[in-house]
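Quick one: this structure, given as structure tokens, is what I'll be asking you about.
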Amino acid sequence: MLINCVAYQQGTKLADMPVVQIADYLHRPECFVWVALKDATDAELLEMQAQFGLHELAVEDARHGHQRPKIEEYGDTVFTVMHTIEFSPTDEVRAGEVCVFVGHNFVLSVRNRCTQGFLGVRERAEREPHLLRHGSSFVFYALMDAVVDRYFPVIDMMEQELEGIEDKIFEPGSAKQNIERLYALKRRVGVVRHAVVPLMEATSKLYGGRVPQVCERSQDYFRDVYDHLVRCNATLDGLRDTIGTAIQVNLSMVTIDESENTKRLAAWAGIFAVATFFVGVWGMNFEHMPELKWAYGYPMAFAVIGAVCGLMYWRFRKAGWL
Amino acid sequence: MLINCVAYQQGTKLADMPVVQIADYLHRPECFVWVALKDATDAELLEMQAQFGLHELAVEDARHGHQRPKIEEYGDTVFTVMHTIEFSPTDEVRAGEVCVFVGHNFVLSVRNRCTQGFLGVRERAEREPHLLRHGSSFVFYALMDAVVDRYFPVIDMMEQELEGIEDKIFEPGSAKQNIERLYALKRRVGVVRHAVVPLMEATSKLYGGRVPQVCERSQDYFRDVYDHLVRCNATLDGLRDTIGTAIQVNLSMVTIDESENTKRLAAWAGIFAVATFFVGVWGMNFEHMPELKWAYGYPMAFAVIGAVCGLMYWRFRKAGWL
Amino acid sequence: MLINCVAYQQGTKLADMPVVQIADYLHRPECFVWVALKDATDAELLEMQAQFGLHELAVEDARHGHQRPKIEEYGDTVFTVMHTIEFSPTDEVRAGEVCVFVGHNFVLSVRNRCTQGFLGVRERAEREPHLLRHGSSFVFYALMDAVVDRYFPVIDMMEQELEGIEDKIFEPGSAKQNIERLYALKRRVGVVRHAVVPLMEATSKLYGGRVPQVCERSQDYFRDVYDHLVRCNATLDGLRDTIGTAIQVNLSMVTIDESENTKRLAAWAGIFAVATFFVGVWGMNFEHMPELKWAYGYPMAFAVIGAVCGLMYWRFRKAGWL
Amino acid sequence: MLINCVAYQQGTKLADMPVVQIADYLHRPECFVWVALKDATDAELLEMQAQFGLHELAVEDARHGHQRPKIEEYGDTVFTVMHTIEFSPTDEVRAGEVCVFVGHNFVLSVRNRCTQGFLGVRERAEREPHLLRHGSSFVFYALMDAVVDRYFPVIDMMEQELEGIEDKIFEPGSAKQNIERLYALKRRVGVVRHAVVPLMEATSKLYGGRVPQVCERSQDYFRDVYDHLVRCNATLDGLRDTIGTAIQVNLSMVTIDESENTKRLAAWAGIFAVATFFVGVWGMNFEHMPELKWAYGYPMAFAVIGAVCGLMYWRFRKAGWL
Amino acid sequence: MLINCVAYQQGTKLADMPVVQIADYLHRPECFVWVALKDATDAELLEMQAQFGLHELAVEDARHGHQRPKIEEYGDTVFTVMHTIEFSPTDEVRAGEVCVFVGHNFVLSVRNRCTQGFLGVRERAEREPHLLRHGSSFVFYALMDAVVDRYFPVIDMMEQELEGIEDKIFEPGSAKQNIERLYALKRRVGVVRHAVVPLMEATSKLYGGRVPQVCERSQDYFRDVYDHLVRCNATLDGLRDTIGTAIQVNLSMVTIDESENTKRLAAWAGIFAVATFFVGVWGMNFEHMPELKWAYGYPMAFAVIGAVCGLMYWRFRKAGWL
């Protein structure tokens, strides 16, 4: 589905136009065309391939989707795949895909399985003509920046989730729930890492050494994006590491709790075993058991049992078992 | 066993021919020969060595089999070993082997322990003469692409298997089965990784920097194969990581379950120990136990036991042990 | 908030001045201006940007805060983010931020969320005019050195904390507390690592190979800072590794303790089960149980029970269970 | 002990000779001397040092033994240390050592703590004069190849051992034995890894980039050895990884088994506790317990106990505890 | 404290002299001065700094101590920090420090917290004038070699300690002691690693590529030291890995032991529960229990109980629980 198709010259919008007129603008000097598609059909992609002369393999990647984030050069064109990260209505983390083709006189973005659009990027770009004048590479930067900026709230929420779990990790009784949440969190971190790490590696080639010609004028900006991705990555690594430790610690807490319960139970079991032994003694049928005939034998029996069990209780208490 | 032996010129099939005529075609300009063997005998390999002037060490590798995936240059010839991954009838993952020798005027593929053939590759290539015109390097690409494309369904099935296990991981009672399945899955991931990782490393040398001369014209295509392998590898790494966590989590769940069972049992044991103590008390043989003579002593005994045990039950319930 | 704004020439202080006069000093030869801000407002930062011609992206980073430590070049200016580490009143480790802009004729430092200032650095620098003569790069070094030197006491305290835990790790009964402390310590190590590791990587580019021009004259000094950071990092790695092992060992100790308790309890349970069996025997109602009529049947019963239980006690003792 | 001392010219054997004549052959064109020592004495090594002009440090390494595998250049001479792996009579894996000095006109091999010799290598080399003509570098290759080829059967046996353990890993009752075997296997893998990994790294410098002059003509052959070592290494890595998982899984199985036993026991304990409670009830001495006087009271008691216990048995069965 | 101050010319000792005369010898051709200090005071270090023109930062490092092992160049001078490893009287591993300054005409060594001296090095060097003629770099090598050679016996003792633990790891009852020893051993390995790893990395820059000028003539010797350090490092890595596995295995053994004890106890508990049930049966007070009146009822009861318990014992035995 076509979202937008606009030509820009020296930082200002020239015209909103139908796709068929693209070719008219491509050869004007200082002019570039910015096309945005959403869930593009095969036909749309083929038309774009024809208009911009895109490489067959890149178009195939955009059509199939489910690519790893990457930045590839095909001749003068740069082809980029980025993952978007959104929360689904059921609070699950879901990855969408944005493919961007950048030439010196065009930018084509195709987004798939991704509810949020990039209209904000276009508006921001149009409000800043002095930056938009940098041409297609600035648009490319603005799109990357928008995608990457949306990672931060997701990562923040995962950090909060982890802190929420940590508050409960030393509380007895919540171990099972903790472990389920930690496992789910780890999987979510995995999804975001799959978006961040390959893009970070790819972005590191957009500044410094040999840079694709089309991106050369915006190197400082791409370094800024790279820096954001490095930051994401560091936070994700910290999350992973802490989740791993938390799972281990949680297991330890279960074992410690069980150990304490075992001791408490054992203490009570011991006290009752002794009491049962005593009542068994006076339930024996020997003829010559003088205490059975005493007037106060029965209360005495309770007194003895009470005294012994009390002593045991006190000793277990002192040993920290009760 | 010889499967095919065909000469191509400028992208179109010249002739199906016996092996002995290969030499006639090798020196024609713009012409190359594509030979496919299956479970080749030593004699066949020696004949091929003579026809194409293959290096002794490469031929030995093809004969012995059980090589690691690799890409080696011997003079102008590129020698490649790839692993194929198939499901055996008993649903086991099984690795076969495809060796490919590529020169500027020939392609020789030898497949071993691998039921599925590569006729589809040949048909596809013959249908696209404009690509086949690239010569032997395009055939080489097409074979690699076919081998690598067959990794994806296997990896998908392993991901589904993992999801199946994950659905059960927090269910009590399936721990043993989970752990068996996780272990088997981990081994299968290992088999596929042995196919993917070395091939990925080797393929990275077919584009970009110094590339074997015979592959130079198809660099974009090899980068595409490399990209597929990187994607496989990322998925496999994710699988490995998740399996490791799942094994750990599964162990935690067993411990948690056991801990809960212990508590429940202990609670019941405590209740019965108390009841047994009480019936023991009234089984004692003291002469002066007035309640034994009461008309309603017996039901009172039950009432007392019931009250005490009921109280205990209620407290254990409140503590979450029952 | 402006803390200081001073111009220096050839190592000696020229004048304390208001911000508006900065431009007067920037073009004098051998002269540089050193400005220190604290929790700078947007207006202050914009003024500085104007005065020193700072790059928009760098200023934005300084304004937003929460950056990773890094050293970036924007033209002739070096922009550095460092983390300060302080103990909060509640003994928590807290990270603040110091941003430093260094040009050949100015140094601007902005510190955020950081109670301790850097007046000591300025005083030390003014006392050593032969070093201050090196210009802005020496001030830059002195600031880095001050930040990094403050890491050491924090790391030392964490090492002492770990030693304190280690003293208790083989003591029964403190497992739960140990694991809580180890977990908290691990998180604190993580905070410090986030300050140290990226700064170490960045600092390694300030000596040896291609060095930003403004830092060239103080390479030996930056190598010294780098060396301090490597030392911090090595200690932190050691801490992390030891904490991991300690968590594992702590879990082992819990399991071993539980195993020993289980044995001790089992032994006592066994002894009482046997005693209870015996009193049950003589509580049976058979008519022909001759020992029930013996004069010394009752004490004999105790003697038998005592003998059997004593024997059991002795054997359990020998086996190390009691 | 001197094993052999032979001169070769253009691929054919010139003469078997005493050590003192070595110098006569060293300066003939196209000629080289191949000397093999076993458990060499200091005197023999000093003589060799004098004959071939070996570097003092290399000779010292050969004398002391217990080196890591390595390949070092001393001027024109290449000094190599390799580990041999053999099974001792008690089925233990044992490492020996082979030191090889290679110059353009000599090869000197010294083997220590290693029962199997390398006569086969010499015979094979003499049977293939066209290869032996390559000179000392071919002999060097042949020795490396022989050492490396002997790693494979050892690694295969370790893989079989692991498969043997895996067959038992999910069987209850063999956990202790499994863990002992896994531990022993891991140590053996360690021994072989110490032989393989450093040699692999060293061998990678015998082909491709800058290669010691004496090895230049046999680069393809050294790459083949390297490839074998990479294969060994991959298998060893797989073994290590699987052993680690197997130890973890084995521990899980023990915990699962214990958990199941606990449940089964708890179920039986519960059933008997209930039965014991009932018999205790009818053992109470209340005067007014009408059922005690019933003619069929006794069988009725059994019926009640049987019914209750049967019900419990059935419920435990359904819950999978019995 | 000054230990020695000697001038050498062309490999032979010129004179033992007071510190103040150093300057007289520094400018003689082919002459160098070798000074050894122990636990140097600030005054001594300042004097040395003046005599040899040492860099302020290096001197500060030597004064403060507690550096990481490193090799740094300050102009023509090489500054090295190495750790010595010694056993303390209480068998603890203790690290000391040796700082060495090397110029083309002097060597200054300062050792701190280190009981063993380096007189042996001086004696050996003086006995070998042909090597000492190499000048200060040979002395530097000899000092490094002496420090590194002292690592080996320490590492050997740690390997023996580990073997001692391994002998006990599958013995029941020693788990607690094993884990304490393993933990202590791991910490000791850590101390030695801190000495070895950074020195190894630093030493790798003393041969091969760009080498500090003062070390150029002794490259083969520094490679030998490097090789020793690599060997140390490999052994330490092996130790670490094995300790990790041993801790894990030890935990498994505890769990397995506990599991076996649980089964044994459960079996006995079951047998006694049944016996207690039976004696309870015949302790019931029903009027119509014919067996109570039988002449042989009592022995029959024992026979029944004995038979049932015997059967249970036999079945538990067969199942391997007893």
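Every chain is named by a letter (A, B, C, D and E) in the order it is written, and numbering of its residues begins at 1.
Note that in this section contacts are C-beta pairs under 8 Å (C-beta built on N, C-alpha and C of every residue); 3 or more make two chains touch, one makes a residue touch a chain.
Fair warning: this is a prediction, and the values are worked out from it, not measured in the lab.
Note on connectivity: the fewest steps through touching chains from chain B to chain C is 2.
Rounded to the nearest 5, the angle that brings the Cα atoms of chain B onto chain E is 145°.
Rounded to a whole number, the gap between the C-alpha centres of chain A and chain E is 40 angstrom. Between chain D and chain E, the centres computed from C-alpha atoms are 25 Å apart. Residue positions of chain E touching 2 or more other chains: 248, 251, 255, 258, 262, 269, 273, 276, 280, 283-285, 289.
Contact topology of the protein chains: cyclic, one closed ring where each chain has exactly two touching partners.
The cyclic arrangement of chains, read from chain D in the direction of chain E, is D, E, C, A, B. Those residues of chain E whose C-beta lies close enough to touch chain C in the complex are 55, 57, 67-68, 70, 72, 74, 173, 175-176, 179-180, 182-183, 186-187, 190, 194, 198, 244, 247-248, 250-251, 254-255, 257-258, 261-262, 265, 268-269, 272-273, 275-276, 279-280, 282-285, 289, 291-298, 301. Within the complex formed with chain E, the chain C residues making contact are 169-170, 220-221, 223-224, 227, 230-231, 234, 238, 241-242, 245-246, 248-249, 251-253, 255-256, 258-259, 262-263, 266, 269-270, 273-274, 276-277, 280-281, 283-289, 320.
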